[in-house]
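Each of the next two complexes has subunit A plus one other chain: subunit B in the first, subunit C in the second.
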Partner chain A sequence: MTMRLRMWVLALGGLGVAVLYVLACLDLPSFGGHRHPYGDRAVRAALARHTANTISSVNFDQRALDTLGEESILFGSVLGTVVLLRQTRDEDRQQPEPARVAPSVRRYALFALPVTLLIGLYIVAHGQLSPGGGFQGGVVVATSLHLLYIAVDYRALERIRPLGLYEVADAAGEAAYVLVGAAALPAGWAFLGNFLPYGTFNTLASGGTVPLLNAAIGVEVAAGVVVLLARFLDQAVEIVSTDEEAEGRA
Partner chain B sequence: MTGELPVLLGLLLVAAAGTGAVLVRDPVRQSFVLSLLGLSLAALFLLLQAPDVALSQLAVGSALTPLMVLLSVRKVRRKARSERREERE
Partner chain C sequence: MSAAPYVVAGWLFLMGCYGLATSRNLIHAVGCLAVCQSSTYVLLLAVGYRSGGTAPVFSDIAPGSRPVVDPIVQALTLTDIVIGATVTALLLSLVIQVAKRHRTVDPDELSELRG
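Here is the complex of A and B:
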């Protein structure tokens, strides 16, 4: 196929997609509006199960199986990164040098670290009550730890980051989600059914299994992101291929 | 119309940041524009009353992704530098 013909095929395909897209958009309900059939039903179901944050009720109760899929995608990608960015035979590890940090940067980062960590834990813990949840809070917790890399240097980060433990926590979070889901089976519910008592509306312990699944996601995401970033940081800071190292010595 | 003004502004901000992220060619600068794009997307989601999505976008789009881009650039540049040195010898 010549280049010219290929461009024609591409143009034809692009035109088809454009026409179908415009036709589909014309049929959409107008922006905003007051009729939300799915939203109304989701809110009703969330309130019936004493979950104040409807989004969390959808994520961890009404559509808990979808979240299991998403969590597994993250787990799989972290696993893939660990395999791809591992230290290969022709690579060596160099001890990272202690780095000089501007005092104002250090002050700011050391102040922001505990605050960010607390916000992250708050977002995880209040997933069933207010906006946020295990995923958002988990990412915030993971990034807050990396403020230590900005405030001090990579060796300080490595000291508070026993990678093996985080890898175990990542797997444990993933497993906990499945186990809580399976615990519904002996109670006579479907997999991932909300089998626990719903508790008092708008308190930390409300929502049945929602806070448990939310916490499992929080642990999985926080540990997964730490492991993911650790692999990237190792490659960027520590791991050098052997010929590269020989160059450095020469 | 005036009620939709904030959303319209948010959309324009996202369009501007998105176009900027494509037009900037240097990966390091691109990661900063990408972070800006994440921030404006988060603002847009907030205006559309989706704070949960806004939080995810803020955490992933404006912090995690740019950081991963920066780390990858650092690794690639270090490798390229040592290869160039090899060629000269």
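Here is the complex of A and C:
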């Protein structure tokens, strides 16, 4: 298809989408309106279950089964990336060279590492109370480990990051979510029902299963992001194609 | 003025599609797909907004004291962002493999089949 024809097809399709979208928007309730029937019910249900952060209550209690599906997409993407970015037969692994780091960068990163790790764990643990939760906190925890790559070098990161362990943790997080859901069954609840006592509103031990599911997601997201980044860093730092090496030598 | 968020969402989606169709680089195409996806965040959050509303988190406001925005769409957006990030990672790993096997990341040069 020539570029010209492609632009015509695109213009036609774009125009069609734009017209349908405008027609659909005309039927939407106006922006900032006060009619949110589902939102009002979700807030009421969250308060009844002593969960201060309504969004966590929606994700891990009221729509917990949907979150299981979303978590599985995450798990599947990580798995797919691991398979796609493995070392192939025509590639060699090269030991990364130790690198020099500016002292100010090293000081700052080594200071920021424990602080970031703590903030990440805090965000996971307080998901039922304040904005945050397993998804966000997991990413922060995974980021904090990679500050070691900035502060020292790739070998130091590899030493604190036994990849096999993180791959197991990723699967364990996914499994823990299903197991917490299944634990509701013997108690006479539906799968992923909130079967634990709701606790005191606005304390760490409130929301029933919400903190447990948050922790499971936190483990999975943190481990998943570490594994993902490790695969990409391997490609960038360690894995070299053998014919490139041959070209380099010649 | 009140239609602006919906217009922005539609504009973002169409611009992402334009970028996808005219892309000369697969990494750029993955970025365009992320732009398309962010239009859904804008649309979801716009649908859930309530004028004068605050975040639906009751750790520091008394329930019922202030209007809050719709928590359902916020929860949807939250998971959408996480899934978007990991799917982007999966697509980028595909791009790495394409670049290795075909020595190009221009989608127009990828017409031939190779075993």
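Points worth noting:
The working rule: the second predicted complex is superposed on the first by the 233 of 250 C-alpha atoms of A that agree within 3 Å, B and C clash if a C-alpha of one lies under 4 Å from a C-alpha of the other, contacts with A are read in each partner's own complex, and residues count from 1 in each chain.
Note that a residue touches a chain if its C-beta (ideal position, glycine included) is under 8 Å from a C-beta of that chain, and two chains touch if they have at least 3 such contacts.
Nothing here was measured: the structure is a model prediction, and the numbers come from that model.
Once chain A of one complex is fitted onto chain A of the other, the partner contacts of A:Arg63 are limited to subunit C, with no touch recorded for subunit B. Of the two partner chains placed by the overlay, neither subunit B nor subunit C lies in contact with A:Gly218. In the superposition on chain A, contact of A:Gln235 is made with both subunit B and subunit C. When subunit A is checked against subunit B and against subunit C, the one touching more of its residues turns out to be C. When the shared chain is aligned, no partner comes close enough to touch A:Gly199: not subunit B, not subunit C. Contact with subunit C, but none with subunit B, is seen for A:Leu74 once the two complexes are overlaid on the shared chain.
Of the two partner chains placed around the shared chain by superposition, neither subunit B nor subunit C is touched by A:Gly207. With both structures placed on the common chain, the touch criterion links A:Tyr21 to subunit C but leaves subunit B unconnected.
When the two structures are aligned on the shared chain, A:Gly173 is found in touch with neither subunit B nor subunit C.
In the superposition on chain A, contact of A:Phe135 is made with both subunit B and subunit C.
According to the touch criterion, the shared surface of subunit A, contacted by subunit B in one complex and subunit C in the other, consists of residues 31-32, 53, 55, 131, 133, 135-136, 139, 228, 232, 235, 241. Subunit B contributes residues 4, 51-52, 54-56, 59-60, 63-64, 67-68, 71-72, 74-75, 78-79, 82, 85-86 to its touches with subunit A in the complex. Within the complex formed with subunit C, the residues of subunit A that make contact are 3, 6-7, 10, 13-14, 17-18, 21-22, 25, 28-34, 36, 38-39, 42-43, 46-47, 52-55, 57-59, 63, 66-67, 70, 73-74, 77-78, 80-81, 84-85, 129-131, 133, 135-136, 139, 202, 221, 224, 228, 231-232, 235, 241. Within the complex, the subunit C residues that touch subunit A are 2-6, 10, 13-14, 17-18, 21-22, 46-51, 55-59, 63, 67-75, 78-79, 82-83, 85-87, 89-90, 92-94, 96-97, 100.
Listing the residues of subunit A that touch subunit B in their complex gives 31-32, 53, 55-56, 123, 131-133, 135-136, 139-140, 143, 146, 225, 228-229, 232-233, 235-236, 240-241, 243-244, 247-248.
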